[in-house]
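Before I ask anything, here is the structure I am working with.
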Amino acid sequence: MDATTVKKTTPNSATDRYSRERLINRFKAIRDFSDQLTEPLEIEDFVVQAMENTSPTKWHLAHVSWFYETFLLDKVYDNYQSLHPQYAYIFNSYYLQTGEPHTRSKRGLLTRPTVREVFEFRDYVNKEVFKFLENATEEQLREYGPVIEIGNNHEQQHQELMITDFKYMFAQNPLCPAYKDLKLPDSKDVPPLNWVAFDEGIYQIGNKGDEFTYDNEHPRHREFLEAFELSDRLITNREFMEFMEDGGYERSELWLDDGWATVNENEWDSPLYWTNKEGQWHYYTLSGLREVDPNEPVTHISYYEADAYARWADARLATEAEWEVAAADLPYKGNFVEEGHYHPRPLQDRSSGLKQMYGDVWEWTKSAYDAYPGYEPLPGALGEYNGKFMCSQYVLRGGSCATSETHIRKTYRNFFYPDARWQFNGIRLARTV
Amino acid sequence: MDATTVKKTTPNSATDRYSRERLINRFKAIRDFSDQLTEPLEIEDFVVQAMENTSPTKWHLAHVSWFYETFLLDKVYDNYQSLHPQYAYIFNSYYLQTGEPHTRSKRGLLTRPTVREVFEFRDYVNKEVFKFLENATEEQLREYGPVIEIGNNHEQQHQELMITDFKYMFAQNPLCPAYKDLKLPDSKDVPPLNWVAFDEGIYQIGNKGDEFTYDNEHPRHREFLEAFELSDRLITNREFMEFMEDGGYERSELWLDDGWATVNENEWDSPLYWTNKEGQWHYYTLSGLREVDPNEPVTHISYYEADAYARWADARLATEAEWEVAAADLPYKGNFVEEGHYHPRPLQDRSSGLKQMYGDVWEWTKSAYDAYPGYEPLPGALGEYNGKFMCSQYVLRGGSCATSETHIRKTYRNFFYPDARWQFNGIRLARTV
Amino acid sequence: MDATTVKKTTPNSATDRYSRERLINRFKAIRDFSDQLTEPLEIEDFVVQAMENTSPTKWHLAHVSWFYETFLLDKVYDNYQSLHPQYAYIFNSYYLQTGEPHTRSKRGLLTRPTVREVFEFRDYVNKEVFKFLENATEEQLREYGPVIEIGNNHEQQHQELMITDFKYMFAQNPLCPAYKDLKLPDSKDVPPLNWVAFDEGIYQIGNKGDEFTYDNEHPRHREFLEAFELSDRLITNREFMEFMEDGGYERSELWLDDGWATVNENEWDSPLYWTNKEGQWHYYTLSGLREVDPNEPVTHISYYEADAYARWADARLATEAEWEVAAADLPYKGNFVEEGHYHPRPLQDRSSGLKQMYGDVWEWTKSAYDAYPGYEPLPGALGEYNGKFMCSQYVLRGGSCATSETHIRKTYRNFFYPDARWQFNGIRLARTV
Amino acid sequence: MDATTVKKTTPNSATDRYSRERLINRFKAIRDFSDQLTEPLEIEDFVVQAMENTSPTKWHLAHVSWFYETFLLDKVYDNYQSLHPQYAYIFNSYYLQTGEPHTRSKRGLLTRPTVREVFEFRDYVNKEVFKFLENATEEQLREYGPVIEIGNNHEQQHQELMITDFKYMFAQNPLCPAYKDLKLPDSKDVPPLNWVAFDEGIYQIGNKGDEFTYDNEHPRHREFLEAFELSDRLITNREFMEFMEDGGYERSELWLDDGWATVNENEWDSPLYWTNKEGQWHYYTLSGLREVDPNEPVTHISYYEADAYARWADARLATEAEWEVAAADLPYKGNFVEEGHYHPRPLQDRSSGLKQMYGDVWEWTKSAYDAYPGYEPLPGALGEYNGKFMCSQYVLRGGSCATSETHIRKTYRNFFYPDARWQFNGIRLARTV
């Protein structure tokens, strides 16, 4: 990782956070990391959109640059000239207030601009942002520092999506191409699951605001929680295969109604990417097709599967508030993208207490994604970043093996529709005492 | 209404609630009310399923009878003989544990059994249930009283669905047939909207259990609410038309992302059943096509429209806990189905405080339908009644002009998908102070 | 059949054909026959549209009356008053030049007008037509006689559709209701198939015009045919089951590409209405569910299945010209609707030569439905009767057990899309020598 | 074009046709021409499948190589080793008898093999075929010469598809990238349309067999044609715009029923690739977006549009037999792909008689694609080349600006579904005298 790794440093104040030096370093490191992630790809791999929910790698790379143009450069310069007048149209994702975007499902039809041209576009934007950062007044830094930091976090989110999107794309190919040929980790048996208890009480949920955050983590507010317990680790492939062997995918009583319909419509009988070859479960990983490791956390499952597994196990999923209370002061350590595994790892830690809360897999919660009481979206088009998705999606917590360590927080709220399986999502159990 | 009207009486205890006399009276009254509701229909009107979410009237009538057969008569008698061996298949709705049901979308293809035969089936079941109730031991009454009461409440729910389903069906007909030719109510202008304030605090939410309830109202538990306000009355057609005139249906920034997609896909520009004739909005009512009365509560809107209206009005929808706290000890009075209007009514009450909390229209809340902490579904197939729908639906509170007065409660949780418009659903605003 | 049976008489000339007496008799007989066909139905059975290609019985009954209003009564009377101003909208099928018709797929949503009202509409139209026929001048008879005769033939076509449509509807019902409880015919084994040879040569194809005809049978023109042979009888269920047992539905090489896609998409493994119960094939008939009679002509198959069967049997389907040449002067005898079987019958005739050319089942030809050289559609909206369907459909010849004897002709061209199975369609083989 | 241009030489006999030298030359020239066609493309352009009917350029390039492996190399060598064991699966198009092919709609998901690897695959196959051709015995040449010649013709068909497919792909891109920047031709006004008359009579249709042909051109047989006339040239953009201005796309009476449904469903109001900018029609061409040249033959229209135009013009389309009779001994001259225009050209020829019969645009005929009397498909999987598509498609004649001059013949039958617009298809009128 070396030079491009982004150091996890928490500045003491907003002033520090938006200092010229820190902004330049963060911007550079994150932009470089995008380049680094795409190094193993062939030109052809940048082009394809393998399903509507995914995007071509080159679209991701251009879109995150468009973001700086739209929300920074167009604002600070009177006559900012984009590299190409139509990029604003084809690389807008969903910001309706900045103009009608190109149809999402058609991103994979655009062979031009070429990959080379997209990198030229990135360079062009980099130069403009650096120029701004180097010459900005302190007042401008205070005003636009938060925008740049949103741009940085935005790019980190798209780095995670790039990984999950090209994984999905490679998995459609009967040749099962590997992204990187990575060594298998040591896999030793995982100890039985234990429960960690938490008291009832009124808790503060949401972010205090002394670090960079998204609007959806605010305002900090109170919630009363009845006493609850969380499992001390993630559910493993071995445990999930027990569910499967017990008829998990064939027993309607274990499933939500929507989930049962989805299972039957799509003929699901295992997590995404799994295939049974002569009685042995295999899965596509970014290192190619491999035998399922029973000690790894199960991943690439929908909310429906997480919920059904929990019901089978006489438990339930946690609420996001429970998760946040439990995370308390746990350090931000785990199997993040910086580790370079691009896959969840078998549990190594044999200590007691909560393990694997960060990294490895996003943990489905039973909380529908909604506004906190008193929530206010950012003004203008940036208000579309989070707020308009607060419907019919479920919150996930903790980050995954494709998330940047400097991107995650205790109060961070990820969200997906309940049928989404292509992210590195997994299961931690909870129960009301 | 006369003889068939069900009296709203709250028995003092479970013993009273499941007394032989009360069970017989309730069962009779509710069964009779179904007959009464269908009197204005022609035979043809019983047959059609106008969309997948609705059912033919004769299917409703038979299904609620099947319910008593399946959950009562089959249990209490060793060799209960149904009137027809295949009715158990064609009149099961979604109880997978009682056997594969007939495909939901094909209910409207079954011209047989005929309407006459369906009423014969009802009579057959009535006789069997009366026979049971007259001869049951006290122990049997204690054991099966709750099941009969679920059956009664179940039939009341289907009475409401019958009304909304045949309304939807008639509305598809260019002839705009009337169900009943009802007099227009007095319509006087509605006073400006006021806000009623509630304090922050820990509240008890859910049912204590001293009355009949569904499993989803349990367990009673604590929730902390930040201080909030509710509008003192429902939003009117006049107010909703102001939203429409202000470009409500054309301004993406007012909408949830899913809502905006739904509006555009379906080309919505007004509530369901509305049509513009020469500049004047009309709607189909169960008395035929009429000019929109600006003083009535707006209805036949989706969650998306309720949410967009609230955003336009600088407010939000209430959570279901807020609604329940506000309802507190309000009496169960309102424009229920027993009034025989089958349509919401302009506000008559000029007193201060909350008005129209019960009846008229179900009030969309911003709460995703989910299990309360510690929730346990009923055992067996009845566990499918509520629990498996706790995903991607939104809770509504308070009952409507199609709900029975004896069916509603403060803790009652109705739920629909956010795009559902054919129920009598409407808007009350809330805000965080 | 008695009074209502339409006598097959060929008048000597157009004058005779359109004589007052003949027009009155034909009109009366055909209108009465529609009533007679619907006698066994319950009111509920008139309402349902079981798939988009079918129509409710009451729609058929009203639509054929609308036809006389639109193409006769509206023309001959200056101020003809229809019984209801909106019937012209809801009972138009596809005549775009007479105004936008009600959406085809929504015919089954209209419970009103009721069945009783539809019969009142029929009576109203009957009276008006009789009044016209009794009072028309000779000139009017010459002008409108052909229109009435189109109306009569149109109603006969809809009589056939009514039968196939309510058969389709009943077949969707797990109760398998019978339309009529008809006796099984004698079924004796059918002799081996023989071939009847025809010489090459230039033949006259199409109608001379000395009888009532549709525009699509014109103009009479010449076609050169290479020598060919036709099988002397229809393919039986026994023969078709041999195809099935030989893997007919699983062998891609037997199928047209579109056919193979259709078979797999719909999981066809037998003709429509067939179901295998404990190793024995049964089918739904208008007398209910019965064991398949191996001696009957196979029916309810698509063009794809007819084509695949023929390929399996080292033969092909006939062209429509070949069929017409072969039919030559054969009498119009066969198992038509007047026989009252509503089902094809096992071959009884043991004579040599072509058998079963008329009645029993429509015979799929390999001829795409197209205009004869010099074809001209009727002027005005009646030009939409046939011409606009001359694309992607296939011609069938000979009539079926649901066709009226007085409706069929040697030159008659029926047509359906190649995936249509709900008509009484079957197979006769042909080969080039 | 130079070195790679394939000379149009008709060898005197099958022996000459399959001589070693000729086979080597043809194979080399055609393989080289594929390379040449793809030279202007960027790597990204080879990957995308812009709709299900099209294929990625690299798929085309690999598939035509797979063809030689499957139908030649696997047959002539006992242990032929393909370059990659899975290419046989992913590059099979639709030959079910050679094994289940990869899903057609997913060809664009395969970024690997890369473009470089596909060209390596082509080289590998080239070497193997050359090796075979150089060493084959005379007997082998007689046996496999026809297979190689099918392979050559097959590659020529895919060259045409490559052009139309990448045109379709580029046209989806808002940047309107040009394939080649070609000079505009001289465009002078086209003289009024004249009619060329042909006598009634029995004609020989189909191929005599003294040149390479597909099975669908056989057997040569007789057809009787009534007297007819053909327009002496193709319909121009000017003429088609007159149809448009006369409400052509809004007048239901001009359209086949299927066509009218297609027009409305897809909101067609002009040929494919046309767009109206400030009152002026433009179209996407392989040289980018240009103003419509009124003198060019109209192209990129469906059968429905060709048929509607003909009806509007009081004419009809020709049958394929009429076209073939008219083509008689016309020389194979025209605007073929070897000209390098990749677009139809304004008529230059001012002579009388039929013009533009070859090249420019394929001419829709009114003939459904069907087997000639006595037709026999090739044995084995090659029998799937043509026969199984003889359903619901329409025949086109004469080749286009994307067709190779050495590929076309008087008896050549191209075929597409009636809604296909992405090929260079156009209109010649016919009428029955």
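Things worth noting here:
Letters are used for the chains, namely A, B, C and D, taken in the order the chains are written, and counting of residues starts over at 1 for each.
In this text, a residue touches a chain if its C-beta (ideal position, glycine included) is under 8 Å from a C-beta of that chain, and two chains touch if they have at least 3 such contacts.
For clarity, every value in this text was computed on a predicted model and none was experimentally measured.
Each step here moves to a touching chain, and the least such steps from subunit B to subunit D number 2.
The chains in contact with subunit B as well as with subunit C do not exist; no chain meets both.
For this pair, subunit C with subunit D, the centres built from the Cα atoms lie 39 Å apart. With each centre defined as the average position of its C-alpha atoms, the distance from subunit A to subunit C rounds to 60 Å.
Averaged Cα coordinates give subunit A a centre that lies 47 Å from the centre of subunit D. Chain pairs that touch one another: A-B, A-D, B-C, C-D.
Touching subunit B in their complex are the following residues of subunit C: 42-48, 50, 86, 89-90, 102, 106, 108-115, 169-170, 172-175, 177. Chain contact summary for the complex, subunit B toward subunit A: residues 94, 96-97, 200, 202, 221-226, 228, 252-253, 255-260, 303-304, 307, 316, 366, 368, 370-371, 373-374, 383-384, 388-392, 418, 432.
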